[in-house]
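Note that the chains take the letters A, B, C, D, E and F in the order they are written out, and that residue 1 is the start of every chain.
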């Protein structure tokens, strides 16, 4: 883990989580502390330290893949909210997010696309107000 | 719709399908002729003429989104085969395909990622032989 | 498109949407205007102009198929609400809707059937009050 | 289905299974005998004796609902094969089966619809030969 | 089935439901009375009288399997709530519930695991207050 | 699993994989070497070193949870094959595996349960011959 001196994988993951998901991601990890702290640790270590540090795809591409997966799985509106925010944080534009969801229509069907669009609508409007 | 003069949406879609999916995509459409020709027409018109001609995302990004959705839905190995080929056809590299699948691991779980990787392995080896 | 004179596919689709889904459907399309208007257009054109105008199955049969799919996909309570209403609008009876959901039990399992039944319960009671 | 004097629910279910699914259904039940005979019994009792004997919807409608659910769940090609046969056995036409699958396109996406169509194609051709 | 004398399957199922799910399960069945009473009957008969009375696995093991399935299906937070309660009622510990969910992470992905954990958090806190 | 002096997480994971999944698991990891070796590494590190070494649940319980998840996800027959074998390797009996699948029927529906049972039937018969 070259860019880390003496940091643990968990600490590296936490730094990356903060960079990508911001406060929303931090809150998810904190809300696990009293019930399943190790789950938070695994998310930081595996998702953020192991996966998001990899080459070949940049963070913008990774977040587009992530929100596509979340839309497709269905029933994950809270996580879509966090990762639509994350996508915007790393430089994906609103138009690209909407367009990625539209691209899913022929493969996943309109209903899950609509759900994702309405989460995006909420995230976009919350960020405008802030 | 610059490339269309007097072409129907179906013809436009077919041209794009040929460009992206190549022979594999053509075979899918042909195999529908005796049982559900209109379904083939809708796929050409909606997926290819309506969606793949849009701006904001290029074909490489669209195919990465498509294979992510197919991996996530599960049970769609045939379509993954066609679209991994399509991704390579429009310039996505083998490494990028594999990396997109790895990015899905924390969100979709390893089993569906493994299925997609093994389809990619088959596609990659078939193209090397050809 | 014989019944359409000079109407666009979008306009034809909108007329059919109004006939089937009523105000609820119109609201979904309207709520897309500021974020993804083309998605609304595709839903009108593909779902309503292309599919709902087809022969072989009537609208009652089509809505039974649609609510079965929505129940089975899971996590689509809002769309189930719209289409349970639509089913009633085109003449499917409350009993038939409930019975269609019960028919899904051995194939989809009780939990998703329960979710759909509770959406139906809400729709039925809202229509009684109106 | 006149109600079966002294027959057990399992026997009633078996008679109905034979009427609807024919030999294919019988084989499924038989193939469970050495590993999970009670599962076969529950399928006969619950699915066929409890559900298929109910009023409100006839067998044609029930089979259309069943194949819609199986298409939507995905990864159930064997069961789709049995129930496309069953649909034909109880009087659903080939055109209606294909049309039911097309109706699912905007809600479930094309890939699972394609899988179901290709199963139907196989079933239709097998029955023509027989 | 020793505990049954002249009880119907429905009554046996209801007794078991009360033992396992308690008031929450009873409310689900009651809420079906005005819309789909037979669905409640089938749940009592098939799920509770037929399945939960079986040998080989005890109720603790059965509830762990049930909450695993509900987590994996996704979009079933209400039913997870009932069955996390049920798991605690039959003697599964809070730690075992959390651990079962963590075990799903590599197979189902973190997002559905997180949803299940947050339902568990709510159930645990509600029971502490009571 | 005494904790492995100077072994890497990958080596620890590999030892546990061998203990649980045996040759089948080893083959999965090996088949990833030429296409996505890091994916194999993540599976060994996260699934086996991180998760399977944890307390609270033993390996038998963990494998029952895993095969329940795989059955419920659907379309994962290859992984079910590996993990039904793994379950038998760590001491889950054939009867318990079948019973776990039957327990899923009311929640997941019969079709995915049937698919899992038929995979189990194949695994059981292959082990008898060996």
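Simple rule for what comes next: a residue touches a chain if its C-beta (ideal position, glycine included) is under 8 Å from a C-beta of that chain, and two chains touch if they have at least 3 such contacts.
For reference, the UniProt names are A, B, C, D, E, F = Carboxymuconolactone decarboxylase.
On a predicted model such as this, the values are computed, not experimentally measured, just so you know.
**Q** Hey, what chains does chain D share as contacts with chain E?
**A** In this structure, the chains that contact chain E and also chain D are A, B, C, F.
**Q** Shared touching chains for chain A and chain E?
**A** The common neighbours are B, C, D, F.
**Q** Looking at C-alpha means, what's the farthest chain from chain A?
**A** Centre of mass proxy via C-alpha means gives D as farthest from chain A.
**Q** Which pair, A-F or D-F, has more C-beta contacts?
**A** D-F
**Q** For the identical-sequence pair chain B and chain F, what's the CA-based rotation angle in degrees, nearest 5?
**A** 120
**Q** Would you kindly tell me how far, in whole Å, the mean C-alpha position of chain C lies from that of chain A?
**A** Chain centres of chain A and chain C, defined by C-alpha means, are spaced 31 Å apart.
**Q** Between chain C and chain F, what distance separates the C-alpha centroids? Give it in angstrom.
**A** Each chain reduced to its C-alpha mean, chain C and chain F end up 41 Å apart.
**Q** Determine the centre-to-centre distance between chain C and chain D, using the mean Cα coordinates as centres, and give it in whole Å.
**A** 24
**Q** Among all residues of chain A, which ones touch two or more of the remaining chains?
**A** 38, 42-43, 46-47, 54, 70, 73-75, 102, 105-111
**Q** Which of the residues in chain C come into contact with chain A in the complex?
**A** 28, 31-32, 34-36, 38-39, 42-43, 47, 70, 73-76, 78-79
**Q** Once bound in the complex, which stretches of chain E touch chain A?
**A** Contacts found on chain E: 74-75, 98, 101-102, 105, 109-115, 117-118, 120-121, 124.
**Q** Which residues of chain C touch chain F in their complex?
**A** Per the touch definition, chain C meets chain F at residues 105-111.
**Q** Which of the residues in chain D come into contact with chain E in the complex?
**A** 38, 42, 45-46, 50, 54
**Q** Looking at the complex, which residues from chain D come into contact with chain C?
**A** Contacts found on chain D: 43, 46-47, 51, 54, 56-57, 61-62, 64-66, 68-73, 95-96, 99-100, 102-108.
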